[in-house]
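Please go over the structures that come below.
The same chain A turns up in both complexes below, where it pairs with chain B and then with chain C.
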Partner chain A sequence: MSVAGMMRYALLRMARSYLALLLLVGVPLVLIAVIGTVSDYLQIERYGDTSLPGMDYLAVSMVLGFQLFGGAYTMEFFKSDLLDARKWRLHALPLRIDRYGMALLLGSTVFTMLQGLAMAIFTQLMFGVNWGNYAWLVVVLAAVSFLSQLVGLVLILSLRSAKLAERLSEVYGIGSMLLAGFALPMPDTPLFEFFGRYGNPLSLGQNAVFGMLYGNDRLLPLLSVGLLFTASALLLPLAAAAGRRKLG
Partner chain B sequence: MTVFRYALKRMLRSRATLLLLALPFGLLLLPAQRGWEPLLPAWHYYGLLLLLLAARLPALLLVERTSGVLLRVASSPISHLRYLAEHMLAYGALLGLQIGAFVGAGMLRYRDPVQPWPLLAVYAAFALAALALVLAWCSLFRNRETSALILFSLCMLAMMLGGLLWPVQALPAALQRTAWLIPTYWLGEGYRTVAAGDHSALLAAIGMLLLFAAAGLLLGSRRRLN
Partner chain C sequence: MNLVRLERLVKRYGDLMALDHMELDIRAGEILGLLGPNGAGKTTLIHALTGLIAVDSGTIELFGHAMRPGKLEPKRHFGLVTQELTLFYDLTARENLAFFGGIYGLKGKALQKRVERTLQLVGLEERADQFPGKFSGGMQRRLNIAAALVHEPRLLIMDEPTVGIDPQSRSYILDTVRELNRQGTTVLYTTHYMEEVQALASRIVIMDDGHAIANGTVDELIARIQLEEKLQMEVSEPTEQLIEQLQAIGGVKQVKQEGRRLLVSIRPGADVLEPLLAAARTYGGGVRYVNADKPTLEDIFLTLTGKQLRDGDGGEAE
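And now, the complex of A and B:
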């Protein structure tokens, strides 16, 4: 079967996992809606030197932030198909396991992006959030989503305990949100300032969306997306090596 | 107190539990600037972490129920009341120690003029309420992961609607009027009364939290063998 064909079935299975959909689409939308009720209070949010409506800042950060947890799809599918008992059935099929893994990875990336895109369109229609150019948004979502899937993939393939891998992927997501200063105020030191601006995927995604919308030059958003893809490129050989060891 | 002893031993041997108990001390890195919060940010956000810390024990008990340990306990000569009470006591002791240590360390770190005793009482009452409510929540589920994921989202909502992520006054009028139904509102109320030094209002907030704890215990302590 071609990679696209295998991806189709992975996507169909993801579309039927209602709990994951509830958590990755329902929850952020409810949170955005609740935050929307206090948008008067959050009127203006500062992002670097620019100020923007609080609702825009929150919706963009929330949607990009939940992309970080999309790696759960890759982890769950690799675990159930290629690491647990079902792997023997898959090995018995006339398909190449590396290609199947690729299909799962790409399917999860695309599905997570689609979720992000659906939420973006919803928030634009409901709350008038300005997302800028949707083609650029798709690029940003692809960058954040692909990196998150790879982080999950490297974790699940290189650690012995799947449970630990899942916890660590949550640390990645929540840690990025914390570093980006999205949940709590962070200490006011140069180190935290750097990590809060360039040192985590959520901030890089924010740079990419807000920089294109409000920034004066295009360098920061382009650089941010470039950094996200660079991080993915660095993780790819790691994932390939870990996969060859664990699945081969 | 056999169950208590072994429960305590098991918890102290679990690296995840120890990590969770050490985690809140990271809050002491936060600066001493005041925002809209009635108390210093470290005091404020510690309450939010308590909500997540309290979710640990009921999750362990859920696993004992689904893995059949509870069935074996039921067939041994020990009452469910003792099993549950000594587990709660063991975890409560750890949480209590942590609350004490955190408040002590925070007092040294910030030299905050706020009184430590009312703060300790608010944290203790809130931890108890959170523990009991999560116990009631977990009794509805058979899968630990599902329960934890939905619970985490509900906690976020409770923090928002209870006025812990922004002042209650920022909420629309209708939600302000119903905020008292949410336990986290009373944690925020506790913070405000501690900051204002208003002791009778503090007692009311603690009383409400204890009522939530009682309700949670009533719903969550029932023995279910499946």
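And now, the complex of A and C:
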């Protein structure tokens, strides 16, 4: 079976993971609806003197922020298929495990992206959120999602305890949101300013979307997406090494 | 013709010798029952055979191909039924089979046909579009078996396939195994249920301490091990004189009395039934009941390994 064929089954299974859908699609939409309705009158200052509606800032940040937790799909599917219950069964099949792993990784990336895209369309239709060019949004979602899947993959393949790996992936998601100043204001120091702008995937995603919409040039959004893909490129060999060690 | 040949397999886990120069052949068309107490090395053997683990030394040959982890070709020819259910609970029964069939390279109409045929074989055709989570334990086991059959393998490896299911489902599974074997599938069957092996297997291999300690049909093993036979007899008046007379009969090893019941141990092959009955009629006031027990697989196993097969039904800790 081709990687695409295996991806098809992975996507089918993800589409039926109703609890994950509730947490990764239902919860952010509810948060956007509730907080956005309250804060829509606010104007958030960003990119020099440009102000944007509170709902737009919230929706973009929330949708990109929840992409960071999408690595849960990769972790859960690797755990159940290749590390736990089905490990022996799948290893006994005439199946290259690296190709199967690739199908799970790509399937999780695509599925998380689709979730993000569905939420973006929903918020545009319901709340009039301006997402700009959807083709660019797909690129941004792909960059954030792929990086998050790889973070989850490296954690689940490197650590002995799957529980610890899951907790650390949550730290990655929540930590990125905090560093981006999304939940709480960060200290006004050069270090936090740097990490708040370039040092975490949520900020890079925000830069990519808002920069394209409101920025003066395209350097910042392109640089941000470039940094996201570079981080993924750095994690890929780590994931491959951890996979070779743990999956044989 | 041998489908599988294992020669002098050695696998160590630290100080533990899980496989100790294990030798095994699986012949085309047979149902080979693999028995062994917990920790005997059965699971390690099947892991090595299916390419999950590398052995330290020795050779594994499957269908003429050397087997080692990562090698795909030999894996095309066998199906594996694991003790744990390895179904995808978020795919329907039909989708589960289509996934496994697809891995073996089946596509399109051919895949569809095989899936339908396999669902029919395990009696799940009417539940094809339901999720396995809605099935009873026995039906889940049957689907687990179907997933190993969809590509119509020449060899079916079954590791404790009937653990924890109702008698009706067990009987269905055993009938399915017999039917598959009748159609030409060779089966390697490991279980803790002695009666399943006795009912199914054309040949039995008993493992202990990482190697085979016996190999043959049930009758061959009984003949080789020379187990004593046991006879139970209930008489009207079990007198001391009767017991002395019985013990004097050539071929009788021992007589134990439990109330009116006498338990007589007889040397293998000794023809003592007539003299025993005659003595009981003369000195015991008449025979009320006689029952002769032939040695069972359980007796053979106990004699060879000194262990009960069902010590802890939970499987092996190897």
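Keep this in mind: the second predicted complex is superposed on the first by the 239 of 248 C-alpha atoms of A that agree within 3 Å, B and C clash if a C-alpha of one lies under 4 Å from a C-alpha of the other, contacts with A are read in each partner's own complex, and residues count from 1 in each chain.
Everything that follows uses one rule, which is that contacts are C-beta pairs under 8 Å (C-beta built on N, C-alpha and C of every residue); 3 or more make two chains touch, one makes a residue touch a chain.
All of these numbers come straight from a predicted model, not from anything done at the bench.
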Practice task
In the superposition on chain A, see if there is space for chain B and chain C together, and answer fit or clash.
Solution key: fit
Exercise for the section: Would you sort A:Leu125 into first (chain B), second (chain C), both or neither based on which partner it touches? Expected result: neither
Practice task
Calculate the angle at chain A, using C-alpha centres, between the directions toward chain B and chain C; round to the nearest 10 degrees.
Solution key: 90
Practice task
Quick one: classify A:Leu31 as touching chain B (first), chain C (second), both or neither.
Solution key: first
Exercise for the section: Quick one: classify A:Ala135 as touching chain B (first), chain C (second), both or neither. Expected result: neither
Practice task
Mind working out whether A:Ala85 is in touch with chain B, chain C, both or neither, as first, second, both or neither?
Solution key: second
Exercise for the section: Give one of first, second, both or neither to describe whether A:Leu23 is in contact with chain B, with chain C, with both, or with none. Expected result: first
Problem - CA minimum distance (chain B, chain C), superposed complexes, angstrom - result: 17
Exercise for the section: Pick out the shared contact residues on chain A: the ones touching chain B in one complex and chain C in the other. Expected result: none
Practice task
Provide the residue numbers of chain C that touch chain A in the complex, in ascending order.
Solution key: 47, 50-52, 69-70, 72-73, 75-76, 78, 80, 82, 84-86, 88, 90-91, 95, 99-100, 102-105
Problem - Contact footprint of chain B on chain A as seen in their complex - result: 19, 22-23, 27, 30-31, 34-35, 37-38, 40-42, 167, 184-185, 187-188
Problem - chain A residues within the chain C interface of the complex - result: 1, 5, 9, 12-13, 16-17, 85-86, 88-96, 248
Problem - In the complex, chain B residues that touch chain A - result: 16, 29-31, 33, 35, 41, 45, 146, 149-150, 153, 156-157, 160-161, 166-167, 170-172, 175
